[in-house]
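Two complexes come next, and they have one chain in common, subunit A, joined by subunit B in the first and subunit C in the second.
== the complex of A and B ==
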């Protein structure tokens, strides 16, 4: 039995859906995505680079990360034996994702150096892993992961772009960033340098968590508030993905757009049971007694 | 009109329109783009106009002129090129992009194309050039919890992305107590900051019982059962991913 089951009702059910669209202005689709419900891993990548290079970069990254993640999980490989130095701030699976992203980066980097037609290719990446006890979100570039929980929307990714970094440093407002001519200039991607540092976050899952992974083809045209409103209206992943793509197309779809939606149900946190309440009450009384007892002896 | 965007440490310093005439880049005041930095030569590089194109030429500078990751002698500029001069990056924004600017979103423009700023090369160059001025190595903050009551642990740095608090041996912060759940709460480090989430324990933040999750602010008081501690953030030299 999963030890997690001691404190979380483990009957995790995951419903997911993904969609990609070339849009109305581009000739080819450089985005790639994957859905692996058996592993709980979801990936979106937005490739860049001439001819077919961007498409190849995004496709290869998705394949590599899925492949090594599966292999490492199946063999329960130690953090020390994956690609690159482990990060002690992360769980083992967090390190698998870190290693997978690093490996994908190295492969694309080497390919781009080797073949002239691949020169300058790169890709963004967002990876989401869901399990009954842990949710891991990782990203490089400006593709995003959103969490919609309890009627609020939160980003679980950090944009690696000049404007996002200026916003973070307080030098630019969000609004200025959206209109800046530099808004699509990335400071990190997979493929442009030998090493890459993804941002990785680990959180605990909750019932009815809805995740959205997407390329900037969505977020250029649909803002965070609209994403929240649309998710509140329709949280079923299939319908949500279709609704979002329809908005993108209605608004001109200047870029490829890719969306994955993941909905978690069946997670119960013991927070309102009668026994629990009685427990809290007794606990309170004991704590008060202890405190007053201490005061008396002082 | 084509433009040059001068940047330092990823921050925009100034924008220069490119007219139909040659310009120079260098430390000397007579340059069109003057950069007061010892890594930049007096007359470092020049940009000439050739029809609709712009040609960048290195003026035999000491530290060289780079376009993206390549050291150049002379090269035609393309939209999105990063010209690297010493510690400064100059982004070349082509005329095509300018024309499209200001029109409604949804039009295909060069600006909608994602480009990569070559910071790796920039960093490599920075490490090679030791002229006294240090690149801003931003210090990052790490969350700390400082125990006030009920546990004699002192301070604990929140080194993990997800810190579990509870009775279980696997907890990063292990607490005892009759009613202490295996995992009472978790503190996660998120893009927006630190967040505490109850996992079945009765958690108070600043005296109020929390329902699910609460974002933590500096010097918030947290109570987990009879254990009381404070949260704050301090600067760390350690790099946080």
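== the complex of A and C ==
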């Protein structure tokens, strides 16, 4: 167990809810999602590709990541024995997710290559893992993970789309990006190349953290501020998911929309304790040193 | 080097021989023997080194090396026979060095797949029906019972799917690595049944072959038009030469299969829009705009019947070495600009000016094709990740998703002009994102950096046409046409003056 886990209250309560809707303009739902409270892993995938291929790509990715993650956790497999080169800046579970995403990518890639009807298929993916000591957010593509904490909303995922990169480089405003004809063109997804690099982000959980995982069917129609406002109004995951999907449907729902909401409670961080603070500080310094050392080597 | 050493030895031996009145002989078989030895050692080390590991192979190499050297010495000193071993030793050392280098560098960069990774991939490939890929991965596993069980189950699955040849291959592989359960029986049984099923499988193969022929290639009619041949490939489908039987007129039929590019639920909407745009474009009657006769659909194919033109599109004339003469380019751009001006006045924006959409006819005329089609298509959402056509000729405002006006076509025409005179695109990028950045942010390099003969005035025209800010471009395509026409006439005038001086 991670040593940090011993220092904080482990009376973690997780409440989660998920919903998906085909929308008003589409015939099929290419989104997939999964909720595994026992493992604390939540996944949303938004598939693409003709006929049923998009649906299959998103299903496969969710299934594979869940399956190998469960297996690796049960056997407590070492980082070296999962899939691909481990990332030493990540925790063991972070590496499990990294390995799972890589594995799913390879399988979808080979399928798309091999079968004519699957040619060109791919999927986005967002994975959230919650545990008492650590929250891990991983993504490829333009599906998102939001964290709402202390009345503020933050994206834990990074959009891998052309317009997002342009916005990041300061070449396009957010407003232009929303209207660009290229706004749905991805720079990364599962299935388009043999290797994929997900963005993985690890943070410490806090009491009343609310996470929202979603496909672009939601974020095309509901902006960050509205998400925050709605979460403030109603943080219960079941109600929140229903409220959000209703907004999407009211606004035309041109695409499939999928939403998972996860609420963490029962994390009590001791407020005092100089030793603990020093402990956190030392750990933080060590982690930073490790990361900068790794950068220098690279 | 053994060669050098043996030479010294040889001198000593020669001297010794002279004193003892002995001789050194070199039997004629020796060169062949040497070649055979080189081959044998070369093959042996190539196959055995990788197995032995780095330390093992180093010991092995030095051992063989010493052996070769001492053989030469012993043969020479004891029997007076000269066997040239320098090449053999050289071959040995070079194979060794190559393998060590490969080990050091290549393996570090391309991390080898571990057996566990191969196993995971294999299981998941099999789970998704990718049996061949799974088999490839399973072959990399160590030959233990666990792997045999996996491979055995793969063989069973092949058998279930009636892919007897592959099942046999898999079972024979298992037999080759030590056998498993009833593997021998299965092989024997499959071999028998394989023989009896050959005829059956041949028939199915034949049937499948015929079925695939009924696609586009075998088509003879689209709508009411009789297909005579294929003219080329458009951005969304084939272009056919066809005949309208009603009035015996030759037409070019451009086909589009929207179902390949768009979500099914959007296709109807796009088709509607496509027909509407084609109708508007069809009303444009101008000598430099291709005439549209008819649009329609046939099954899942949407088509557009246009006047049949004999000529080539500008794609042929955009690379260095195939460029048109400068004067000819001015003429072509002038005519396109006039056509655009005419369309703009009728409120039609082309939106997709690029070499493939301009035809150069045998009689010297220019025809612009595909008016407005881009509008029908670009404003609809394609399947995520699908980009239609190339953004090379897009204007900054098109990329930014802003409102388009006729000045967007002027930018695209500027890009085309630039390419026709330099043989280079004004904007490059290593990837799409880089290209878009260039178009929206970076001024194009001077055309004179590619071709210093280009007149300065032409550079100014390009700067104006490809200004990032639409307000700084020509106010209309007509204005651009006039400037280019004036330049062309000025060049003609200078030529006449020059020839009259002569």
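Following the convention adopted for this analysis, the second predicted complex is superposed on the first by the 265 of 298 C-alpha atoms of A that agree within 3 Å, B and C clash if a C-alpha of one lies under 4 Å from a C-alpha of the other, contacts with A are read in each partner's own complex, and residues count from 1 in each chain.
Here is the rule we go by: a contact is a pair of C-beta atoms (placed from the backbone, for glycine too) under 8 Å apart; a residue touches a chain by one contact, two chains touch by 3 or more.
Computed from a prediction, not measured in an experiment: that's the story for all the values here.
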Ask   = Sharing subunit A, do subunit B and subunit C clash or fit in the superposition?
value = clash
Request  = Applying the touch criterion given at the start, work out whether A:25 contacts subunit B, subunit C, both or neither, answering first, second, both or neither.
outcome  = both
Ask   = What is the contact status of A:165 with respect to subunit B (first) and subunit C (second): first, second, both, or neither?
value = both
Query = A:110 contacts which: subunit B (first), subunit C (second), both, neither?
reply = second
Message = Looking at A:289 after the superposition, I want to know if it touches subunit B, subunit C, both of them or none. Which is it: first, second, both, neither?
response = neither
Task = On the superposed three-chain arrangement, identify whether subunit B or subunit C touches more subunit A residues.
result = B
Request  = Would you sort A:200 into first (subunit B), second (subunit C), both or neither based on which partner it touches?
outcome  = first
Task = For A:64, select first, second, both or neither according to whether it touches subunit B, subunit C, the two together, or no partner.
result = second
Ask   = Given the touch rule stated above, what does A:88 touch, subunit B (first), subunit C (second), both, or neither?
value = first
Task = Would you check which partner chain A:155 touches, where first means subunit B only, second means subunit C only, and both and neither mean what they say?
result = first
Request  = Report which listed segment of subunit C has C-alpha atoms clashing with subunit B; options: 8-16, 26-34 or 314-322.
outcome  = 314-322
Query = Considering each complex separately, which residues of subunit A are in contact with subunit B in the first and with subunit C in the second?
reply = 25-26, 46, 48, 120, 122, 162, 165-166, 169, 171, 181-187, 189, 192, 254
Key: Touching residues (chain side subunit B, partner subunit A) in the complex   = 5, 7, 10-12, 68, 80, 91, 93, 97, 101, 104-109, 111-121, 159-162, 170, 178-179, 181-183, 186, 188-192, 195, 197-200, 202, 211-213, 225-226, 240-241
Task = Using the touch definition up top, name the residues of subunit A that touch subunit C in the complex.
result = 25-27, 46, 48-50, 54, 60, 64, 68, 81-85, 103, 106-107, 110-111, 114, 120, 122, 162, 165-166, 169, 171-172, 176, 179-187, 189, 192, 254
Key: Contact set on subunit A toward subunit B in their complex   = 3, 6-8, 25-26, 46, 48, 87-91, 94, 98, 120, 122, 124, 134, 141-142, 149-150, 154-158, 162, 165-166, 169, 171, 181-189, 192-195, 197-204, 206, 216, 220-221, 251-255, 269-271, 276, 279-280, 282-283, 286-287, 290
Subunit A partner contacts - residues on subunit C that touch it in the complex = 111, 114, 116-117, 120-121, 124-125, 128, 130, 132-133, 259-260, 263-266, 378-379, 381-387, 398-402, 432-433, 436-437, 440-441
